[in-house]
Amino acid sequence: MTVSFVLLALLTLSAAVAAMSMPRLIHCALALAVAFTGLGGIFLNLGAEFVGLAQLLVYVGAVAILIVFAILLTRGSEVSMRPGARSAISGTVIALAVFAVLAHAVLTSGVSRMATTAVTPSNRVQEIGVTLLQQYVLPLEVIALLLTAALIGAVILAWREKSPAAQEGAETR
Amino acid sequence: MNGYFAMATGLAERVDQIFVTFDHWAVTNTPEPLRWLVSILLIVVPILAVFPGLFALTTVLERKGLGRIQNRYGPNRVGPYGLLQPIADAVKSLTKEDVVPRTADGVVHYLAPLVIVSTAFLAYAVLPVGRNMIAVHLDAGLLFFFAIGSATELAVFMAGWSSRNKYSLLGAMRAIAQMISYEVPLILSSIAVIMIAGTLSPEKIVLEQAQYTGIFPHWYVFTPWGFAGFLLFMTAAAAETNRSPFDLPEGESEIIAGYFVEYSGFKFALFFLAEYLEIFAVSGLGITLFLGGWSAPLSFLAVIPSWIWFFAKLLVMIGVFIWVRGTMPRLRMDQLMNFAWKFMLPMALIDMVCAGVWRFLPGGALWVVLRWLICAAIIVVPYVALARGLEQGRKIEQRVYRYAEEG
Amino acid sequence: MNPLSACLIVAAFLFCVGLAGALSRSSAILVLAGIELMLGAANLNFIAFWRYGALAAVSPFHSLTGIVFVLFSIGVAAAEAAVGLALILAIYRYTKSCNVTQITELKG
Amino acid sequence: MLGEGIVKGLIETARNFVGSYVDKDRLVTVQYPEERNPLPEAARNFPFLLYDGDDPEAGLRCVSCHICEKECPPRCIHIEKSTDKKPDFVGKQQFYPKVFNIDVSVCMSCQICVEVCPFDAIRMDKEFELSTDDRFGGLLWTKKELAKPNEYYQKIHPMEAAETDARRAEELKQTQAKAAAAAAAAAAKAAEAAKAAEAAKAGNGAAGKEPSA
């Protein structure tokens, strides 16, 4: 556990808390982007270069932007969170309970006593590519199909029949 | 005679590696506890010094070049030939009042220029500016470049949204829509290179191209798919960096200045800096991917240091950007989107197919010509078809004025 | 506490933050964001086990399983975000709201 | 064909770029402080006062009649009349301005003062490099700064000046003629009186020849 890991973890977690608790939706989205960046940083810190950068590219470059666009397109429906709302309290309580259980499970299981290797296992991009296209070629194709279906589905869902302006919005995504 | 030749090449090698040697010398000659700091500083400081310097030079060259294109002089007052103009500009922007709108979202408004500049600088980490001259040896360098590049979109949005100005919001939305649309052909056209080079590391891609047949280099731009890919890449790069003719997000005549309307003084200068840094970075990537990076255009010219070649190529690319800016009018939003999705995207996909065909056709004596012809056909035929398709239904019609002719 | 369990604790906390957000916020977009955070936490677990797990040094094929799974997971998350946000847009267009407490038409 | 127009445009701009270095005629910009276009004859901006001869005090044409001060729409002229008099160009005794100020930061260059001046004393200048670091004092011109010789006027507005000069010469001639006539008449009268006196003295009333003018 290095200093950089601790810093990145703190950044990620505080940004995530901010993203889930800030009153304005846009701030939430921006904090979420920071949280995703921090998560990518943790991946890089753990030595998973390709995944960390893919995380940045997909989450910060695409998902965060998508969320921002969605927030702007659904303007006027901004509901400010009332801190004392029942759902907020019960949600937090449930989440804390889940965290207690998970933390207990992690700390008492054999995992926390396991000897960990210090060296990063090899993960050259070429090897990842070979693994993806040999061992995992079927899942890869399925993912490709899923993404295509999601693309078409998203376009059709967001398509507004009447005005042609919506078409562009659907296309950009 | 042979001895002289060897000495000359040895000297050239020395000059070529002068920065690398200096870096090594400086790091080994500092005491152990400070080594990490020195090695970081020796990477960061040159990047922070050279590229903003290039930015300063480019602002003058651009204004002078545009002036000459329009038969004007351009700036010629400050210093010899107006070369000190950027210093005057810097002083001006530093001493200007920093105006922040009252209703603006202060924190986000403040952070946006910082984010955009820092991401622009980060992109240089993976650009090989010379032999053995790269800041970070990343195996997935290209992915890093695109990942960092995609973060600028968020910074643009932050700037546009936090200003509380409808023009800046419109500009930001335009910018993001445009960036996302053109990121697709940008990445797809570089995938063709990745397929051929078999690596995501910019260093290895350059090394792959820095070989010579006779005196001619193996640059990817000299192949059919590489040529098409280069044009696609640079077009998408121009759009990605909001560069004319794709500068709709900051169209002065329509939305004043786009997402940085509400920025003044030094923050505006930061946006300006970031924009140019992005242009340099993406041009540098184009050079790395297609124009052989730091390698010399002819084998015997390799005596000239590799970093000189890189910056010479970069200056040429900047010149081309300026030339294009002086030539073409701004596109309309629908034209922009049509161009991205109906022309650039299919062409980039076809380019990938072409690269694949090129990769798997045998490379025998007869096949060299045949391979060329086949690949050229794969590129040219869809190009002609797409161009005709785009031009169809775009007949220029007599304009009907709905209101003006009633009176 | 070794690095592996530190990663797992961080991931667990991230998951719970996402869970709390998804349960307590009334904006559909933020619910989706919470789910994305939970997916990210799961990815962190994959990476942690890939990095420190027992399989890491065994064979090159197994050593990359964690990475590959995260890649698939990122792909699925992207697809989910696209479809989810398109759904939210469609619902917003219909009800002029994306507050999950107000969309009650399917309530029995 | 897609791209054809782009190439054509690029060639055109390249030709402009290279041409601007080869052919100086392409560059229409005038490099202002070093080279400057001659101003047109009718150019004008702010008024100045004319004087004849060499002495700006003695030759000043202004007679302090206050017409321009009253007509000035933005009221940028301030005149204080003298108590004593001095002869004007035809020799008539006239008042002269003790103080004559024009605030050019207020003046709107309408030329009305020039139109109304019956003494051709005020005219429009062509001088336009007026920047000063003194915002209030620097642009308030006193009589000393305003007074300029007639030669200057002839230089900046040759046609107008010629016309004015001709008119003034005519006026001068007429006045002189009148004066001469008056003098002659006076002389004749004097002569007549003398003659009459002589005649009276001599008792001879023969009329003498009329003196010609």
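A, B, C and D label the chains in the order they appear, each numbered from 1.
Throughout what follows, a contact is a pair of C-beta atoms (placed from the backbone, for glycine too) under 8 Å apart; a residue touches a chain by one contact, two chains touch by 3 or more.
This is a predicted model, so every value here is computed, not measured.
Enquirer: So which has more C-beta pairs touching, B-D or A-B?
Expert: Looking at A-B and B-D side by side, A-B shows more C-beta contacts.
Enquirer: As a quick test, compute the distance in whole Å between the mean CA positions of chain A and chain D.
Expert: 82
Enquirer: Averaged over CA atoms, how far is the centre of chain A from the centre of chain B? Could you give it in whole Å?
Expert: Taking the average C-alpha coordinate of chain A and of chain B, the gap between them is 29 Å.
Enquirer: Go ahead and note the Å separation of the Cα centroids belonging to chain B and chain D.
Expert: Taking the average C-alpha coordinate of chain B and of chain D, the gap between them is 63 Å.
Enquirer: Express in whole angstrom the distance between the two chain centres, defined as the mean CA positions of chain C and chain D.
Expert: Whole-Å distance between the two chain centres: 87.
Enquirer: Residue numbers in chain A touching 2 or more other chains?
Expert: Counting only residues that touch two or more other chains, chain A contributes 50, 54, 62, 69, 173.
Enquirer: List, in ascending order, every residue of chain D touching at least 2 other chains.
Expert: none
Enquirer: Among line, ring, star, complete and other, which best matches the way these chains touch?
Expert: line
Enquirer: Pairs of chains that touch, anyone?
Expert: A-B, A-C, B-D
Enquirer: If we count contacts the way the header does, which residues on chain D are in touch with chain B in the complex?
Expert: Chain D reaches chain B through residues 1-3, 6, 9-10, 12-14, 16-17, 19-21, 26-29, 31.
Enquirer: Touching residues of chain B toward chain A in the complex: what are they?
Expert: 108, 138-140, 143-144, 146-151, 153-154, 157-158, 161, 173, 176-177, 180-181, 183, 198-201, 333-334, 337, 341
Enquirer: Which part of chain B faces chain D closely enough to touch in the complex?
Expert: Against chain D, chain B makes touches at 65, 68-73, 323-324, 326-328, 343, 383-384, 386-387, 390-391.
Enquirer: Under the stated contact criterion, what part of chain A meets chain B in this complex?
Expert: Residues of chain A touching chain B: 26-27, 30, 33, 37, 40, 49-50, 53-54, 56-57, 60-62, 64-65, 68-69, 72, 124-126, 168, 171-173.
Enquirer: Using the touch definition from the top, list the residues of chain C that touch chain A in their complex.
Expert: Residues of chain C touching chain A: 1-10, 12-27, 29-30, 32-34, 36-37, 40, 43-44, 47-48, 50-52, 54, 56-57, 60-61, 63-64, 66-68, 70-72, 74-83, 85-90, 92-93, 96-99, 101.
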